[in-house]
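In the part that follows, the structures are each spelled out as structure tokens.
Here subunit A shows up in two complexes: once beside subunit B, once beside subunit C.
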Partner chain A sequence: MYKKISRLQKLMILTILLFCIPSILFALSADEIIGEMDRLSTFETTYSTGSIQTTDRFGTKTSQFKSWSQGEKDSLIEFTSKAERGQKILRTEGSLYLFYPDAEQLIRMQGAALRQSMLGSDISYEDMTEEKNTLDNYTAKLEREETFKGNACFVLTLTAKSRSVAYPVQKIWVDKQSFLVWKAEYSTAQGRLLKVMEVLETFKSGERVLPKQSKIEDKMKKNSATLMTIDSFEANPHLDRSIFTLENLTW
Partner chain B sequence: MKFIFSLAMKNLNRYKRRTAITAIAIALGLMMFIIVDSLLLGIELESERNLIWYETSSVRIHQKEYWPDRLLFPLEEGIENPQQVINLLTENGYTATKRTMFKADMILYSDDFGEDGNLSVMVTGIDPEQDNRVFHFEDTLVEGRFLNKGEQNGILLGSWLAEDIKAKIGYWVTLLTRGNGGFFEAIDVQVVGIVNCPNPNVNRTLIMMDENTAGAVLGMDGAVTELDILLPRGADVDIEVTKIQAALDAAGLSELEARSWREMAKDYVAIAETKRGGTAIILFLVFIIAAVGISNTMLMAMYERTRELGMMRALGMKDNHIRLAFMFEAGGIGLLGALAGIVLGALGNIYLVNQGIDVGFLLRDMDIGYRVQSIMRGTWSSKSFIITFVSGIALSMIVSLLPIRRALKMDIPACLRHQ
Partner chain C sequence: MMTKLPKIAFRNIFRNLRRSILSAVAIAVSAMSIVMLFGLLAGMEADMANNLQSYYTGEVRIQHAEFEKYKRYNPLHLGVDWKSIEPILADNHQVRAATARINFPANMYLGEKQHGVMGVGADFSSEEAFIDFPSILQEGRLPQEGKNEILMGFALARDMQLGLGDKVTLLSTTATRGSNAFTFEIVGIAGFPVAGLNANSIWAPIDRVQKFLGMDGQTQEILLLLEDGADEKQTAIQIANEIESKLGTATDTRSWTELNMFYGMLRIAKIAYYFIAMFFFVLGSTVIINTTMMVIFERMREIGMLSALGMHGSELTKLFLLEGFFISMIGSAVGVIIGYVGTYYMGKVGLNFTEAFSGMDIEISSILYPQTSILTALVVWAYAVVISTLSTFIPSRHASKIQPVEALRYV
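== the complex of A and B ==
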């Protein structure tokens, strides 16, 4: 037995629907959030300087670097601190090279070698030179929305599509406005927490918000953390294409 | 000739004290050679055995692409059908076992170990039922128990590693590793046994777990990183490697490569070769001892008997005969020294072979390349005794030539006037 709906009731339902439609139509899917996150963290070209501070049970060590990047695939890092001065890491599509100036030796890193820690930090070579193609490697699921350090965030779970990525599961807190990843938890497939990345400070480059200082903690090892700081950043500078060549690496 | 020989023997008898002192000097040198050679040969044999029994096996099979990157333990280059290969090897009369080697960070917890920490380790996944047919770890268990097939959380530790990290049976650790493809994986494991492996390199670093469990953690999908084969003692390893490779190629498994223990343990082979050079130096030192002793004795004899020498030459004895007489005399001293050296060397070697020298306190924290953990034992080598005997006599005779030549250069009147 259906009850007849009054005009007032019809109006109310219509009003509620009208209010809901924009949020249904304009709500971002997990893939869209990730796509936007990747897009906003990728520049045509960049030049930056910064430092990596590694703390472990043996103490604290700081390494300074200069970095150039071009699109998603090309990047060059040159260390400028005294102990590693002149060491370079070049990543071009599908290849990663290390150059040690003292030995005048150029090493092509591939396979298992890429998984080695860079300068004893919690960052591996593959982490440092990761391509910005998250959706190629992960399936994203929007879990909820949450406020993190006063910023409204999407909380997403990324599950690896293959075994060729380091972290089988990632949980990330993405800023709803700037699409900056404020926090990331890296876990094994069984859900064991391995590392936690947290952005401590940000800076603006045009309209984009980027991390100025991030802390990566190894949750498996006590008192092990890496602090990555960007001291200067230039978006879309003119870069000579030869920067990302092997010839340039061995200068 | 008989006269010359009997003259030499009489001279030996006339100067008993000098003969005895020189013979003792030679004997001590040769005894040293026998003992050092026995010890080095013993260490070499024991090292080879400990290498094959606990580290490399006689022959190992890898994927061809695995070998160049072996220090990085590339799990992607695994043997995908290990059982098929093992069956093929069994058909050809070989005993083989499968293993998976991988690197991991071992995380230690303060609950058990008193403080938190981590260290980089190498873990070996073994088939507990088959592994002891190729390797000999079961005999070295000193605490706890051996692994069971399919065991999910058990590990075995080498006793030196356990000592270093203060691990005891029942302690838990976490192994953090990168699986096949590069993904991170962590597994909690408990120490179920401690083995005291006679190979120090292994005992210092050994961590073993069940191969099936390791395979599941690493996402190996049934693949393993290596197959190990034990050959019977005395088998020619190079010939067997060729045969195994031929069998693999014939079965369409040419992507696999067999390697002998010699190729896998190049560091050890290089040390053994250096040792052979060392033996030659010892032999040279023995030669110097013998040469100085004999040369000195002969020189003394020459000076004492210069007038006698002049008389013999004046009576018409040929220089060659005089030279021969003195050489026989030197050979006689060499013979006495060699016999005494062999007897002393054999007596010393009985102790070395049966008891040995305990150098565990030195080797505990030092890697000398040899795979011997504590007691260095000697061995019996007939070759060493023959070399000692022959070189003792031959060297004595050769070095005596120098002073004889000097005496024979003097003219007869000068010899007769010699005081």
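== the complex of A and C ==
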């Protein structure tokens, strides 16, 4: 009744099984992908310089900045271009403070003010406060695997656990090798597209691949796009911890 | 017979004096209301014109040609060059005064609190022709050029519990489409006539606002006052052409009447009010119509007798029409006189709308002063007489159609 399987056929089946087992055994869950993505984009400390180039209905403007960061929560940006020289943005423990050279008080951005655009760009202050502990705020679901601009990617949907986050739904394309987010679509819970981010260029810091130039488009604005470019990047430099204090901001 | 009709009609008024008085009172109340309404409207119109010219647009306003198009984006980079336009205005004999202003929305920060305000960068020396600052200054003094000082509307200061010497930090969008914050000291508290200005305006020296918003030498608008008798629209066109030919810059230069939609609406509303007045009088006239009808039924025997004696139907119509005319004339006159005196009194003491207007963003003063006009009073009187008299035409015609035989049945 049953046809006897030849030795060659047995060998082929065994080979196929051997190839499949690692991918079954080592397939990453959505949470593991996000965890790895967060881990690789977070440094103990960083120092970088770069620019924000905003194009809108009135033309193009560029602002230069210097930036320092520490862990997941602390960062400081200081603008160096003429129009905004001396202005600083401090993010610490989920709070955002603005320092202006001619203002005697620090401005703490909170509530609806956080949705305002930073320097007229497509980046909001709320975007700046987003912390790199994605799984605390979102539930991740692996949708599929897809090639994006020649890079094999996981496509995940992140759904907000609470209303305290900037975007209720995020759809992200995460590189299968480097865990770099190549593209992100930010939407409302009802599916209305709010913002799109796409990495145009990358650079390597050690073994990690990081975005060198990203394009952000606020879909609520017409004909508007922002290019954020990192000109120089230093991983884990020695930073004085007082950099991220309010006292230092006004100094 | 014709010459005796007015006499008979006048005498008939007194045959039932109470009813005639009732009719006259209805007309009088209508006429009085309309005179007062028109007085209030005239006061509102004059007040709004004054406020718009002083605080908002001048008689002519010059802006960048594209500012209005992108107004909702607060495009401060679309400014006009005050220094190059000023000499052109100085050479124009139609221009009595000119001043530069920068209007900007800002967030005012007081510790953890924040409040949306409307900032105005002003040159307080050239503003003298536009705003009588000494008369509206309640406390302190005017801000000085070169200093981070502000004048604040009294309602805003009261609501935010601020006073002279307090400091506030303003955050706003700049001309480079970035943001900036400045700290200003309150040196003056002003009681502006317009509720909106009291509730959310702060005024600072224009040089500091230019620095704050990154508008070096630029201004958001230039306001002009013209010599008496100058045609605002024509002068606006002429100035726009002069600026364009001398500087090669296209501007949006318009007269205040073209700029203020609400003022235009107020003028349209005035026409609508004439129709409302007509309805008022028709309503008031229903009493006369009713009275005349009653009179006709009461005097049926008399009408039959007069007809039998040879009085024509048209004469009967005229008789009752004249009765209505006399009642209307007297009622309207009384109403107009009371309305005129009442309006004159309110024009002196003013009507306080502070509570009603609070929170409303309209360019009308909180205290309104109705204006009297003899011409308006005469027009209302004539209008009331015509409408009321015409209203009595319907029952009067009925009298002419009564057959003597039918009328004599009442004998």
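Just so we're on the same page, the second predicted complex is superposed on the first by the 227 of 251 C-alpha atoms of A that agree within 3 Å, B and C clash if a C-alpha of one lies under 4 Å from a C-alpha of the other, contacts with A are read in each partner's own complex, and residues count from 1 in each chain.
Just so we're on the same page, contacts are C-beta pairs under 8 Å (C-beta built on N, C-alpha and C of every residue); 3 or more make two chains touch, one makes a residue touch a chain.
Keep in mind that what you see is a predicted model, and the values were worked out from it rather than measured.
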Room on subunit A for both subunit B and subunit C (clash or fit): clash
Which of subunit B and subunit C A:227 touches, first, second, both or neither: neither
First (subunit B), second (subunit C), both or neither touched by A:52: neither
Contacts of A:188 with subunit B and subunit C, given as first, second, both or neither: first
Which superposed partner A:126 touches (first subunit B, second subunit C, both, neither): first
First (subunit B), second (subunit C), both or neither touched by A:83: second
Partner chain(s) touched by A:113 [first = subunit B, second = subunit C, both, neither]: both
Subunit B versus subunit C as contact partner of A:37, first or second or both or neither: neither
Touching partner for A:165 - first (subunit B), second (subunit C), both, neither: first
Where subunit A meets both subunit C and subunit B, residue numbers: 57, 113
Residues of subunit C touching subunit A in the complex: 70, 73, 75, 77, 107, 109, 111-112, 114, 148, 167, 169, 171, 173-174, 176-183, 211-212, 214
Interfacial residue positions of subunit A with respect to subunit C in the complex: 54, 56-58, 61, 63, 83-84, 87, 98, 100, 102-105, 107-108, 113, 119-120
Subunit B to subunit A touching residues, read off their complex: 69, 72-76, 105, 107, 116-118, 174, 176, 178-186, 219
Subunit A - residues contacting subunit B, complex: 57, 111-115, 126, 160, 162-168, 186, 188-190, 192, 194, 220-222
